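Residue numbering begins at 1 within each chain, and the chains themselves are lettered A, B, C and D in the order written.
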Amino acid sequence: MIIIMNKNAREADIARVEKILSQQGIRSERLTGEKQVVIGIIGASNGLDISVVTTLEGVQDVVRVSSPIKLASRLQHPEDTVITFSDGTKIGGSAPAIVIAGPCSVESADQLRRTAEFVRSSGVRFLRGGAFKPRTSPYSFQGLGFDGLELLKKVSEEFGLFIVTEVMEPAHAPRVAEFADIIQVGARNMQNFPLLRQLGNVNKPVMLKRGPASTIEEWLLAAEYILSGGNENVILCERGIRTFETALRYTTDISAVPLVKELSHLPVIVDPSHGTGKRSMVTPMSRASIAAGADGIMVEVHPDPLRSLSDGVQALTFEMFEEMMGELVRIGDAIDRQILIEPYTGAKSRGSKKSPSESPYKVA
Amino acid sequence: MIIIMNKNAREADIARVEKILSQQGIRSERLTGEKQVVIGIIGASNGLDISVVTTLEGVQDVVRVSSPIKLASRLQHPEDTVITFSDGTKIGGSAPAIVIAGPCSVESADQLRRTAEFVRSSGVRFLRGGAFKPRTSPYSFQGLGFDGLELLKKVSEEFGLFIVTEVMEPAHAPRVAEFADIIQVGARNMQNFPLLRQLGNVNKPVMLKRGPASTIEEWLLAAEYILSGGNENVILCERGIRTFETALRYTTDISAVPLVKELSHLPVIVDPSHGTGKRSMVTPMSRASIAAGADGIMVEVHPDPLRSLSDGVQALTFEMFEEMMGELVRIGDAIDRQILIEPYTGAKSRGSKKSPSESPYKVA
Amino acid sequence: MIIIMNKNAREADIARVEKILSQQGIRSERLTGEKQVVIGIIGASNGLDISVVTTLEGVQDVVRVSSPIKLASRLQHPEDTVITFSDGTKIGGSAPAIVIAGPCSVESADQLRRTAEFVRSSGVRFLRGGAFKPRTSPYSFQGLGFDGLELLKKVSEEFGLFIVTEVMEPAHAPRVAEFADIIQVGARNMQNFPLLRQLGNVNKPVMLKRGPASTIEEWLLAAEYILSGGNENVILCERGIRTFETALRYTTDISAVPLVKELSHLPVIVDPSHGTGKRSMVTPMSRASIAAGADGIMVEVHPDPLRSLSDGVQALTFEMFEEMMGELVRIGDAIDRQILIEPYTGAKSRGSKKSPSESPYKVA
Amino acid sequence: MIIIMNKNAREADIARVEKILSQQGIRSERLTGEKQVVIGIIGASNGLDISVVTTLEGVQDVVRVSSPIKLASRLQHPEDTVITFSDGTKIGGSAPAIVIAGPCSVESADQLRRTAEFVRSSGVRFLRGGAFKPRTSPYSFQGLGFDGLELLKKVSEEFGLFIVTEVMEPAHAPRVAEFADIIQVGARNMQNFPLLRQLGNVNKPVMLKRGPASTIEEWLLAAEYILSGGNENVILCERGIRTFETALRYTTDISAVPLVKELSHLPVIVDPSHGTGKRSMVTPMSRASIAAGADGIMVEVHPDPLRSLSDGVQALTFEMFEEMMGELVRIGDAIDRQILIEPYTGAKSRGSKKSPSESPYKVA
């Protein structure tokens, strides 16, 4: 913290600030210039909210000079965080960018199995599917709950898929962690601090969606809750912020990708399905995400979007998904970033990882 | 729901929409005009997200004609909700507008007792004070927890004050309910649905703060979660929304007051301390809130704001608070709305309610 | 400007910054502390955008310490600006708060005359009415142009009203200034700098509406364009900002009133008609504006809102307007601020100002 | 327009709406269903703002069924607009995506010539440079004016570059049009309607930047002003919208690219320099723009960003620019879209267009 005094602050004003700091046990030093006095805080501020001094006579401004972001910051951890799964699949750093695909909600065994089989045959390794759904209205479909998790488990084992699924309350975290390979924190829960603390103790990677009205700093501080609890495997997911523009459901903040990559070492992915809420936008925004440097994307795919109980407007059809995958591979190639594509060779494919060169998507 | 077809939609387009609705078990009727065909949905939509039909050929738009807000809506409950406390004190309807005052956080027994004594002597009946604090950074002061609740209980009994305090997670709700007279749901938890469901079962009024990026409709739907659980005593609290303007911490949406009073029967109060984050704004915005028709305000008061561990920048001093109270009483008088002021006559005042005419604040 | 170096900046980093400043002819001084080095800029920065140094090695941040707001700032002009009209009517400072009323657009001689007669008989002295209308669509009604100004002139003379009307382009400014008593700059033109410069040379007060996406600082800097041109009579008008909330047309930022009064000496009024876009919101928001300390309000009134060519949804009926006036007078009384009400005694009333005590609106 | 009546609207309510429409000369038809009555408007609404009927008893909602966007809409003009320059260079449709590069402001002959030579030698054909600068503060550098235009003209002729430069007021339009190959309307002037009307009469393409708080619809309606004046050559430029996020100067709305391409036939480009305000973000956001389907990008390049009088923080160095160009070519290739790269062969190159295959940037 630096306290900048007004150019016409009197000695008494400066001394008052110093006295108050000292009374609170805060060490400070005075930097005196020809025209300007600045007071620097040395060391910790004892949890005191120093900004209160802005209300004192003669104080111009209080400027934070050290970021509150510690464990999530690239300053303190210059190398990229890379998360490694059981079979060696990786997220982050220079690992191939991942594609997470699947239905918004787990609706039935049939819908899930058809989708899982399709995405796996397209080379995808991560299956999304909500069992617990945060819904704006209490009268909307709220998900199948633990039954949905059982369905996810079953198809993931059949096809060799990693499960990405959401947890909504602290008490559920341990049990959801048994099913999930990546535990998702939804956008509305980004600042559900008891939940974040709980996930700091869980032995599974956490995908933290950005709150629709959260700044980049708040997002990284939310990650800090998980990291400071001891769980180092946090993936950040941009999913659209709320702005005045209502032509699409949210404004997908693509610039968050390069900015967060600069500020933090954590992997960043983008969810253009929720970010746009419109099927025809998903492919171009997925392309843009990879081109901007994202470590992956998460999209909704549905065998029959017209009959989807939630968010059918934004789900890709199987055909659109396949076309998109080809484009992503070529864009990845343009910026020297592979896309994780692992051919499906039928049962037991989990663990028998193939080289991406066998991908069904040609690179020019 | 009404599905509006394009002016040049073909019969096949219309029939396809009708067929899809019918396959989903949804009854519809076709309204045919000279230039325009409209399809109305009759009865319930079976939880189906009808907006998916916007992706069909020939469909112009899908318009919701019945609001998803039921129990919170004034259409279904025209008379104002009035919440009555043990001693007959009321919130809402034509009851006097309330003032809730106290520190942001419970910091110590001394700080709390001094504040409580002061606000009670100013005629206030509701004491705010956070024991569990949602903080953006894991390294900030997080509150005294249940010890803080004990302190609140003690002073509330001594001075005859009702306690307004926050709960942060579902599992804590029953225990917080033992201490609180009004349970606060913080802005970041407005869409913490498991928490809202839990509070639907609790026998205490709930004050639901508006999320900083929540629309009025989302706010009322969050109230709907609590109401539909069986708890009819919900108070809405506007506390500022997040906008592009950063001169103040948030933009306090005063227009939310008359708008919500029109749409809903629930009491609405305003928290200008968090809404502005700046001490000198609190009094004018409190006046504006009452003038706009709010059922009360909630403000932070601190015996020594410079030494506050959280949010000292926005806490009123005792002197400022007293001056504000006088202004509120006169503004209330201007619009025929009393402000609840109950003179303090020492011990055991709880239950010995005095007439507002004995208020220390003169009305012109 | 102050340049804050990183705690681990090397001497070479500091020297590089100093050298670059020096090469640009900018004087600086180094303030050295135990843990921190800060470089202060002395005097003017030669129009150089110093923020570029943030891109240099070792620089933590560049902090502006003197506001770019000069003439509009209360720091440089502590006493309130009070604007005085030909007959002694005043705006700002402790002068009675004004009410500006009238139709959105001048539509016809009859509509305007009926409205003017009504508002004048209610004690109002300022008539609004748009002759040039900025419309989002080129196919909407664009106003009557100079014919509309002639109509305004005629009724203003008949009833003793001051005219508030908008100018849309620099070339029109001199001619509009012949008709208008207050020249309005619409929200979309707040940063039309050639127009602002032109109005700096005009001998009429200018009402500068806040742009719907403009920060307070940008608003005051827009005023600075007019003031620096030599026109000291600027009135600021809050008319709603664009936020994510779409339940009302804009979010009326009532907190802008006390904040701008603190930062600037210029009068501030509020336009709740455009701010909310909804008739039933206008009265409560007008009350809130006065309660928050506004120097006046501007509202739309129409003899037959259902037949209005523009913005009929938000125009008050005559009956609603009268009721509102009574409430404003009483709220003004509650905070010791008169509302300008000047009884109408028929022809030639302009110049024969009556004491506000003869107002038709009773104060309790 | 469709007027949706409440489910419990009475016959008298419906008849009143029909009567009012009829009195205004608006034809309507009643569509009666089992549960619902809807009133459709037939033909034009005579400029009447039909939304006023929402204030009538029994009216649920008024829904616009035909977009106010006509000439800019893809519905009325399905094929892409392609703008062709004197030597056959094209923008839009399947023409190669263009790169516009240059300094923010024209500062001096030397700065401009060095930049122009560099960008031309990189294969670029469009030179940006502001001679008239809209600046938030009246005390900032306001551009060299017509002298700046002369400098632009000179270097454009020397190197065979098309000039993209801004016009700020209607009266300047004809003269700026003599210098510019593309006339830029800045973001703050997007709704400067007199300026837009003036540009409808000008025989040069217009690049219309999106206002920082403008919706997609408002942006297209602003284009409609130019198109309806007779100028068919409008290029849309996304340059960032204003949101709550302040980590970067604006939030670049990449989703506007595919959305506008869907709604309109006009070319769309992106300006990530102003959109982000941060040099290190420009390249990834340029890549994202091309990947999302933009018809081009506009970026700032400066021979010595540290000494730039305006916006030096966001200007690319020559080295960064070259690297970016190579990436854009490869990304364009990945989505089958060429990037316009025309090798520079020295003097008189204008008109001697080379095939893009001679580009210095390799495609894998």
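Note that in this section contacts are C-beta pairs under 8 Å (C-beta built on N, C-alpha and C of every residue); 3 or more make two chains touch, one makes a residue touch a chain.
What you are looking at is a predicted structure, and each value in this text was computed from that prediction instead of being measured.
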Pair joined by more contacting C-beta pairs (B-D or C-D) = C-D
For subunit D, which other chain has the most distant CA centre?
-> B
Subunit C to subunit D: how many Å between their CA centres?
-> 29
Between subunit D and subunit B, distance of the C-alpha-averaged centres to the nearest whole Å = 41
Residue list for subunit C, restricted to those that touch at least two other chains = 213, 242-244, 246
Report the topology of the inter-chain touch graph, choosing from line, ring, star, complete and other.
-> complete
What residues on subunit A touch subunit D, complex-wise?
-> 213, 215-217, 241, 243-248, 251-255, 257-259, 262, 275-276, 278, 280-281, 284-285, 287-293, 327, 330-331, 333-335, 363-364
Mind pulling up the subunit C residues that touch subunit A in the complex?
-> 2, 4, 7, 29-36, 38, 40, 42, 60-61, 63, 65-66, 213, 242-244, 246
Would you tell me which residues of subunit C are touching subunit D in their complex?
-> 20, 23-24, 47-49, 51-56, 68, 70, 134-141, 168-171, 188-189, 191-195, 197, 211-213, 218, 221, 224-225, 228, 242, 279, 305-313
